[in-house]
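Here the structure comes first, spelled out in structure tokens, and everything after it is commentary.
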């Protein structure tokens, strides 16, 4: 088993903001790669928004990706709709997706959730405590009961997402708010995990426990099944090929073999 | 309590197909209205795809709608994206949505689900049995254990929807397939119910039990709370207005009072 | 509509502890009754552990109860198993159940959840903030975004309950922990709500917002459907009474009309 | 990775009924073992109701079991409550559990579900079609879209279980009924799968596809995490050991270090 992991990063802040450039000299994607360092179960690469006209996400590349990790913030609007659609299709077929922090507002996450994915926020460098509420979940493997992050941006409820399949983590903020920090979903054959920490002005992605969550989530999201390509169309089952073959009893609008409406 | 119910109908088949015109002389929306006849809890109107440039779904009209019932099939692609976005926003704020039959492939349903919503189908006039598997659910009020429909189009699993909040009904088809025929979701403050029966070439919407499900679902989907208008933005909570007021401890990327990125 | 509400209370602390007696001179059940005061939708009564040999929960009384509110703590073990079984059956038939605070460890809650329902706790009179994360849920009607309780016992995650149907509230504690404070379930036809606040050494049940949650939850839990008495047995459907009548094709272990094994 | 799998079987029918004895000359447990034959990922053993006073389920044996497979029918009542409690505890700690067919009425399944787990049934040797509705789920690995079983007992909805975490399979019966045949749950750290086929009077457990489901489910249910032994108690967190150390502000009912009530 080798999990082909692709870290997608907006990579704009590092080029426009001195602080971010200093905190993440190899880019946030560089720091995220350290999550998998030395673990032979993973082959890791990255793609950046400005790599090329397809944001580094050609069909071929997505087809060769098992799990996609997504960080975006200031430039969600610059991601082309056609690429978002392409990524969604691969998720439905079985590619895992880890959405990080400000990625809650990315086009891809909003598309897969079907909700606004809004929240409250505050940038005050306050303490965050990420509590593991589902301790034997694969995403929690090897973690303590709580991850303490000295300085983070606050995200507060209500977080307008659909009811999660599983809530794995809830954060406690110094300023008084709470947030569902680690939640799972399945869309088609694709496993999705949203994970909260990672504001660009702080150092969450240098924190080994944060990186461990991301690696665990990548392993959890990996679906070894063959891509579910049959998820896209709605095929007709002719009456004479039904499990119980049938005579057509009523009028029909569609002629035999015709495609359905989309 | 009066539930302002709006039946949205594509209303194209009735004008191009003699059979449908004959089965539904008042349009399918006319037949659907009978679901609420004589019940003072409901005020019912309809809107049609070709009513006007907004498909009869102006902002004002949606703001005055508690529950929207949706039937579309051949012309999903003619519904404008801006109107779909507008409907989605009202659902998130709390408008209920009942999606019928071929509406599984409507833009609004696919947007709210975040999945392809594909299925198998066959048009053979076969028998459908809709089993109530959650008998004391409000949507099942007054129903027998099973609704038998003599002639219907078949829809078969896999139905590529997210795991439902509740599965209320499952259909058994003469030809051998099964289908989750009645499923609930919540997206934001909006209650959503998908209900399978209703192919335009048969008479499901003249069946009193089918109409009872639709009326029950309308009542269930009604959310009397004030619209959740706060669901759309992601507001900043300044550090000095936090529940526990804070000193800013770290660097900030955003200046005070600034809007977040979208 | 009148919701017949029964408040079940252990009522031991008030008799053995001066502090509790002073905080709740009419008993905690007396304070809880104030939640419904002046609202004609509710008829409210109480039953106490030591009322009689059946803890005030005769079959007749349960049959005449729409929603049961449960507070217990030190004497969970004194509740007879036969009575717990009786209450569970009524929940499955459709009686709503609101479990309060230390009721997480009651026999009835553990039986309906199928998990240990364990948690962490601390009795330090610290501040609790109950955040409403599902603001347009019926249980949140008329509430602010957060309920602040000056002094409460802490309950901390992991709370070993099954994944809730809906998570409505999450608490933030001064000492640093978080807790899913308001969660919903359905078991059979019965709606269940667990609500965290209410330690006997503090005054939560004199807080109008806490009482409002309890009243909202009672309304939400009310299932107007006729009791689902058919939930208890597993009836045989003879081959000649199947929807599609069948000839018996294989050997049988059971003779015709025989009851199944339990 | 080796998954220590224990097949628990009631093993009464084989001794009292000639037909069952003939269909399953090595016992149903013998047939079930074939599911894992030749696969080095599994070490498989069995335990029988009448093995010893603990039904072959000593604490030691359970502690050395990763996944327990359960078949029972006529003798559910003979399983001792203390053993059921012991099994439940191991499930909560992380042992997987596969419940087969008539095991829906076993004490352990009802305990973990918190519902009656009732259904309808008919013994007519009719055809069952088990549809895979979640095709890329690990439990569906390598399966066709539908498993056809020529002769089976019918189980019909409503199946009074809690809303599943995931519905993986739905059955279509010749006589007209439907049934949720493959459903998942998590209770504590334990993954649970209920799988319908397997009436003792027919040959389902000689069907390679049925056995493949059971093997897949065993793999899926396996939780490699260390047992969650902390799930059983509710520990106190002293005020001076809180994440944010606190002064005790209010009165206390418990003295320092005291155990909570159970």
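Letters A, B, C and D mark the chains as written, and numbering starts fresh at 1 in each.
Rule of thumb we're sticking to: a contact is a pair of C-beta atoms (placed from the backbone, for glycine too) under 8 Å apart; a residue touches a chain by one contact, two chains touch by 3 or more.
Remember, it's a predicted structure, so these values are computed and weren't measured experimentally.
For chain D, the chain whose average C-alpha position is most distant is B.
Because chain C and chain D carry the same sequence, their contact can be compared by residue number, and over half of the numbers here are used by both.
Taking the mean of the C-alpha atoms as each chain's centre, chain A and chain C sit 36 Å apart.
Centroids of chain A and chain B (each the mean of its C-alpha atoms) stand 27 Å apart.
Averaged C-alpha coordinates give centres for chain B and chain C that are 31 Å from one another. For chain A, residues that reach two or more other chains under the stated contact definition are 129, 135, 156, 158, 163, 165-166, 172, 176-177, 186, 188, 243. Taken pairwise by the contact criterion, the protein chains are fully connected, each one touching every other.
Interface residues of chain B, counted against chain A in their complex, comprise 13, 17, 19-20, 73-77, 88, 92, 102, 105, 111-116, 118-126, 151, 154, 156, 158, 160, 162-163, 165, 174-177, 185-188, 199-202, 231-239, 242-254, 260-262. Of all residues in chain D, those touching chain B in their complex are 129, 131-135, 145, 156-159, 163, 165-167, 170-173, 176-178, 180.
Put simply, chain A touches chain D in their complex at residues 94, 129, 135-136, 138, 140-141, 146, 148, 165-166, 172, 186, 188-189, 223-225, 228, 230, 243.
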